[in-house]
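Written below as C-alpha cells is the structure these notes are about.
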Amino acid sequence: MTSIPLFHVLILSSLLFVIGFIGVVARKNTLFMLMSLEVMLNAVGVAFIGAGSVWQQADGQVMFILILTLAAAEVAVGLALLIRMQKKYRSLDIDALNQMKG
Amino acid sequence: MNVLLASLPFYPFVSFLLLIFFGKRLSWRLAATISVSSMAISALVSAILLFELSVTKNQVMTANLWHWFELSYAMGSSDVNVRFYLDGLSAVMISVVTGVGFLIHLFAAIYMKSDVNFSRFMAYMNLFIVAMLILVLADNLVLLYLGWEGVGLCSFLLIGFWYQEQSNVLAARKAFIVTRIGDTSMAIGLLLLFNSFGQLNIEAVTLLAEQANSLSAGTNAESADNIYWIALLLLGGAVGKSAQLPLQTWLPDAMAGPTPVSALIHAATMVTAGVYLIARMHGIFLLAPEVMNYVAWLGALTLLLAGIAALAQTDIKRVLAYSTMSQIGYMMLALGAGAWTAGVFHLMTHAFFKALLFLTAGAVIYALHHQQNLFKMGGLLKKLPFESSLFIIGLICLMALPGTSGFFSKEAIIAQLWSSDTAGPMLWWCAILGALLTSIYSCRLFFLGFLGKARFNENVQLKKSSLLRTSLIILALLSLFGGLIPLDLTLVFSSVMNLPLAQLTEPTWLHTVAIITPFIGMVFSWFYFKSYRISHLAGKEHILQPNNGRFVVFCRQGLGFDGLYKKLFIMPYQWLAQINKNDIFDQIIMLNAWYVGLWHDALVLVQNGSLRWYLAAFGLAIMLLLGVSLL
Amino acid sequence: MLANFASIDSLFYLAGLVAVIASLKVVTGNNTVHALLYLVVSLLAVAVCFYLMGAPFAAGLEVIVYAGAILVLFVFAVLMFGLGADETANAPQNKNVANMFGAMFLAFALLIEIVIIINNADLQQNLQANVIDSKAVGIMLYGPYLLAVEIASFLLLAGLLAGYHYAKPDVTRGPL
Amino acid sequence: MTLTCIMLALLFAGGSAWRAENHWQGSAKWLALIALALLATVFAVFVMSASNDFAQLQVLSRVSWIESFNIEYSIALDQLSIVLITLTWLLAIICVLVSWYEIQSNVGFYYFNLLLTIAGIIGVFVAVDMFLFFFFWEVMLLPMTAIIAIWGHENRQFAALKFFIFTQVSSLLMLVAIIGTGYFHLMQTGQLSFYYPDWLLLDIPLSISQYLMFGFFIAFAVKLPSVPVHSWLPDAHTQAPTAGSVLLAGVLLKTGAYGLIRFVIFLFPQASLQFAPIAATLAVVSIVYGAKMAFAQQDFKRLVAYSSISHMGFVMLALFAFNSTAYQGAIVTLVAHGLSSAALFSLAGMIYQRIHSRNLTDMGGFWQSAPRMGGFALAFAGAAFGLPGLANFIGEFFSLVGAFQVMPAFTIIAALGLIGSAIYGMVLFQTSFQGAAKQDIIDLQLRELLICGSLLLMLLAIGLYPTLLLKFSFGV
C-alpha cells in the first residue's frame, strides 16, 4: 500500500530533532526550552516508530511508550522546578540560574 | 691535676654569673667589688701559679677538668678534653691577662661608674677574661677554638655595648664577621690538622710534627704539603684575630666600644691571640718555612700600612688602634723570623704600655666631655698634667726610646731579623721604617693633643679617684720597667731546632741605626709638625684643621681596604641576596603551580554556569564527533 | 504512481510538513499559550504520521497522553505562573541575534551531518503496510520488556513525588 | 606493647582534651601538658628498665595486620630512635607551653591535632614495617597540615597546601619505592614482605637498588629539606603558629634525617655510596644557599627557616660521609638544631605576641626593655652560628671532621657556611635587639623563662658534655 521510504521518515525525524535543538539552545525562556525538549523527544519517537514499522517489530512502539513515560516524568519534575524558579527569581530566564560557575 | 690552675677561669666566671643574674639589683659598689675582686683573686692565683711553675721540674702544669669528647678517624681515635696546660708561654699570657686585666677592671669600675648598664659591662669584661684564659690555657685546639670564639663574642658584645647607636652596632658586626672569616680558615686548618695527625692536642701535635721532621723532612711530599696548608690556614685565623693584613679592617672600627674595652681587648689581650696561636703552634710553623716567611711579610706590611694610616688619623683612639695593629705587626714579624721569645716579650710589654695609653686616652676623653677629635684638643699638658705625664710614658715606650720596656722588646725583635733565614735584610729595613713611622705618629699625636693651645672651650672634668690613678700608675711603672722582667721561654721553644743561620753577616751599624731611628723621627716631627705644637701662631690656632687632601683621606680610611672589600665582597653578597630574595628554586617549583593555575583560569571560563552554553557545547561536540566519523 | 503518491504518502508528507512548521512556530514563538497550541498541532501531526506508518496504538497514545495529558500539564503550569497579557513584554527575549545565529548554524551543521549519515547508511527499505497492533505491543511490553516497564513505573513515581515536592508551596523550607 | 599504649594514650589524651575543652574552658592545655609529661615519664622508665641494650634494633612487638600482603604491625627501638623520641618529648612539652596563651580559637581541636602529630612522629621513629612506617608518615602529616591551615598566620592556607603537596608527592614516590622493594622481596624469596629486618637481608643488584634508593631519598630530602626541594619550608615555618614551627623544625625535619639513616643508607649501602657525590653536592649547596637566603630575609621566622635548611645541609653531608664521626656529628646536629631552632621559633612567637609582627624592620633595640630576652636571643643565635660550648658546635664540628676525611673539597665549601651563618646570626640578633629602641616590650615572663632556660640548659649540657649523646654511637 504505502511505500514511504525509511529515508524520508528519518529525514523528518532529524528535522524535528534539530528544530527542537535550536529551541533548547537558543531560547532563554525555560518554558520554551521544555517545549522544545518535547519536540526533540517526539522526533526520536518518530524514528523509533519508523524503524519498527520497517522491520515489523513491536519494539519500536515499546520504545516509544518508554519515551512517553520519560517525557511525562520529565515534564512533571521540570514544571515543578519551573514553579520554584518563578517563585524565587520572578523570572523564567535560564541565564538567571548560573550560580554554578567555576 | 692542679686545682689552682683548674680554678683560674672560675673566679671571673662566678662574677659573670652573679652580675648577669643579679646585676640589676646590685649597687655600683657591690657590682664593682664583685668583678674587681674576682679579677684580683685571679691575678693572685696566677702569681702563685707562676711561682709554682718556676719550681716544677719541667715547667709544665696541667689540670684535667673533664672529658669533652672523643674524635675518631680512619686509624684510631683521640680524646679531646677540657684540660688546661700551663707552660712558660701560657704563663706569660695568663699573667698579662689577669694582671693587666685586673688593672683595667679597676680603672673601668670607676670610669664606667655612671653608665646605667654598669653591671652588664663588668659582666662582659669578666666573661671575656674567662674566654681569654680558656684560650691561653687550652691544651687542645678545640678548646682553644672555644676560647677563641668566646673572646670574639665578648669583643662583639663590648664593641656594641652602646647598642643604641647604629654605628656601634655595625662596628660590632664588622668585627665579628671579619674575625669569623679568619676563624673559619682556622677551623678548616683544624680539620686538616686532625686529618693529618689524628690529634688535636697541641703538645702531641708539636711532638708528632717534630718526629715527622726528624724522620725525613721534605721527602714525604704529601705530608709537607699538608703541613704547609695547615700552617697557612692557622695563619688565617691568627690574621683575623690579630687584625693583620688582609683582615685588619675591623680593628679601627672596634674603637666604638668603651675605652677600657679598647684597652683590654683591642690592645692588650685579645688581638694578641693570633700571636699566641702562632707561638703555640710553632712546631707546625717551623716545618713550613714558606709560611713563616709569609707571616713575617704580613707583619711587615701591616706594620707599614698601619703606621701610614696612623699618621693621618684625627681620632685619638684610632691613632692608638692603628698603632696597635702596627705593634702586632712587629710581633708577627718576630714570629715569622723565628724570634719566638722576642715576639712574646713584645706582646707582654706592648700589653703594658698600650693599656696605659688607652686608659690615659680614656681619661683624657672623659675629661674633655667625650671629645675624641685631636684637632679639638691641644694644650692638655698644662690642664691635665697627671694624665699627660702618664701618656708621655706610654708614648716613649711605644717609640722604644732606650731604657723603656718597648725598647728592650723591639730591639730584641729587630736584632734577630737581619740574620734570620725566613726574614732577612729587606724585612729589617721594613722594621726600621716602621719604627720611624711609629715615632713620627707618636710625636704628631702628642703635639696635637698635649702641646699648643687649647682648642676647646669647656672646662675639663676630672675623676678624682685614687683607685683609678693607682691603676694607671702601676701600668706606667710596668711600662717603664717591664723590660727588665726576665722572660725565659727557652723551655717552651726548646724543642725548636735552631733554624740554619743565613750566610748573611750582620753589619756593625745595625744596632746603632735601630737605636737612633726613633730620635730621627722625633727630630723630623719637631720641625714638620711645628704648627701643631706652637701655641702662638699669630691667630691661626683656632683654625687648625686636619689636612683633607685626597691622599690623606685615603690614608685615614686605612688605605682603602674598606672600600675595596665593600666592592669585592659585601656588595656582591648583598646584591646576590637582593636579586634572589624570592628564592629562585621556589620560583621554579612554583612555575608548576602557576601552570596549573593558568589552566584553571582557562577552564573556569568554560564552566560559566549557563545551561544553554553547556548544551551548545554538547551539540558542538556531537557535531565534531560525527564530523570526524564521517571523514 | 502519482495516484499512490497523492493518496496516503502525500498525507504523510503533508502531516510531516505540518509537524515541522508547527514545531518551528513553537520554537520561535513569543506567546506561551500560542506556542503550546502549536505544540499540540505538532504532536497531532506526528500522531497522524504514526498512524500512517502503521502504528495506530502509538498514534492513539500520542494523542491521548502527549497532546492530552502532558500538554494539559503545561497549560496548568502556565496558568499557575500567572503570565498575563504582559507576558510577551516580561518574558525573557532573545535579543541576541548572534546567539540565535550560532545555534542555527550548529543545528544546520548537525542536520547536514545526520542527513549525510542517513544517506550513507544506504537505507533502501520502504515502510511495510502491515499494522502492528496493540496486542503485539502488549506482548512485548509484558514479556521481554517487563523490567523496563517496572523501571518506567518507578520513574513515573519518582516524577510524581518530585513534582509534588517541588511544587508544594512551603514557607518553612529554604530556597529551592 | 608499652610503645603502642603510649601512642594510643596520646590519641586518647588528644581526644579527651578536645571534648574537655568544650565543657571546661582552659582544660585542654593542662590535659595535654599532663598527658605529655606522664607519657614521657612512662617512656623514660620503659627505656631505662628494659633489659635490652638497644645498641642493635630491638623488635618490641610483631603482630600480623593485613595478612594478604603480609603486612605487619611491628615496632622496634634502637638508640637512634630513642634519642629522637626523647627530643620529640622535650619539644612536645615546649610546644604545649608556647601555645599556652597563643592559641585562642578551637583550643581543644588544636591540642588534639598536636598530640596526634606527636603520636605520628613517635610512630615514624619506631615502625619497622615499611607499610606501617608509611602509615605513620601520613598520620604525622595530616594534623600538621591542619595546625598550619587553621591556626597559622595570614597566609596559612597557601602555606599548608604547599607543605601538604610537597610532602604528599614525595611520599608517593616513597610508596612506590616501598612497594618496589616489597615486590623485589617477593621475586627473590617468593614471599611478599614489608618487614625492615627482612629487607636488610636482601641482596639487591645496584641497577635496581639505585632507583629504589632514589625513591626513598627524594621523600626524605624533601622532608629534610635539601635544596632544591626546600621551598615549602620557609612558607610553612613562617605561617605556622609558634608551636607548629617548633614542631616542624624541631622534630618533623628530623624524620627526614632519620629516614635517610635508617632506610636510604642502611638498606641501600652500595647505591648510597654511589650517590654520595650528588648528595654531598646538594648538602653543600643547601648549607651555603640556605645561609645566603637567610641573610636576605626580612621576616624573623623566615630567616630562621632558611637557617634550618643550612643546618640540615650539615646533616646530609655528614650522613653521606659514611664514617662514625660524621654519623655522631649528624645525630648531635639533629638534636642541637632541634633545640636551637625550637628556641629561636619560640622567641619569634614571643616577640610576635608582643608586637604583632615578624618583620625585622619593626624590631630594634629590644634589649633596652627586655634584657633577659636579649640574652637568650644572643645565646640561641650563637647556637645557630655554631658558637663553641653549645650543642650545635659539637654537631657541626663532628660532621665536618668526619666529612673532611672523605671529601675534603666539599667540606671546605661547607665550612664557608660558618661565615654565612655568622652573618645571618648577627643580622638576626642585631636588628631585633640592638640599635635604637623602636618600642618597649615586656620582658620574659616565668613561663617563657622556663621555656628558654630549659632549652639553653640542654644546649649547654650537650655542648659542654656531649658524652651524654655520643654514648649513642653508631657503627657504619
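We just call them A, B, C and D in the order they show up, numbering each chain from 1.
Criterion: a residue touches a chain if its C-beta (ideal position, glycine included) is under 8 Å from a C-beta of that chain, and two chains touch if they have at least 3 such contacts.
Quick caveat: nothing in here was measured; it's all calculated off a predicted structure.
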{"item": "Selected pair, greater C-beta contact count between A-C and B-D", "value": "A-C"}
{"item": "Whole-Å separation of chain centres (CA-atom averages), chain B against chain D", "value": "38"}
{"item": "Chain A and chain C: spacing of chain centres that average the CA atoms, whole Å", "value": "6"}
{"item": "Chain B and chain C: spacing of chain centres that average the CA atoms, whole Å", "value": "100"}
{"item": "Distance from the mean Cα position of chain B to that of chain A, given in whole angstrom", "value": "95"}
{"item": "Contacts with two or more other chains, residues of chain D listed in rising order", "value": "none"}
{"item": "Shared interface positions of chain B, touching two or more other chains", "value": "616, 619"}
{"item": "Set of chain A residues in contact with two or more other chains", "value": "21, 25-26, 28, 94-95"}
{"item": "Pairs of chains in contact (touch as defined earlier), listed by label", "value": "A-B, A-C, B-C, B-D"}
{"item": "Residues of chain B touching chain A in the complex", "value": "603-604, 606-612, 615-616, 619"}
{"item": "In the complex, chain A residues that touch chain C", "value": "1-12, 14-23, 25-29, 31-32, 34-36, 38-39, 42, 45-46, 49-50, 52-54, 56-62, 64-66, 68-77, 79-84, 86, 88, 91-95"}
{"item": "Footprint of chain B on chain C - complex, ascending", "value": "102-103, 106-107, 109-110, 113-114, 116-117, 120"}
{"item": "Complex contacts: residues of chain C adjacent to chain A", "value": "4, 8-9, 12-13, 16, 19-20, 23-24, 26-27, 29, 32, 35-36, 39, 42-43, 46, 49-50, 52-55, 57-58, 61-62, 65-66, 69-70, 73-74, 77-78, 80-81, 91-94, 99-100, 103-104, 106-108, 110-111, 114-115, 118-119, 123-130, 132, 136-137, 139-141, 145, 148, 152-153, 155-156, 158-160, 162-167, 175-176"}
{"item": "Contact set on chain D toward chain B in their complex", "value": "227-231, 234, 292-293, 295-297, 323-325, 365, 367-368, 371, 375, 378, 382, 387-389, 393-394, 397-398, 400-401, 404-405, 408, 411-412, 415-416, 418-419, 422-423, 426-427, 430, 433-437, 464-467, 470"}
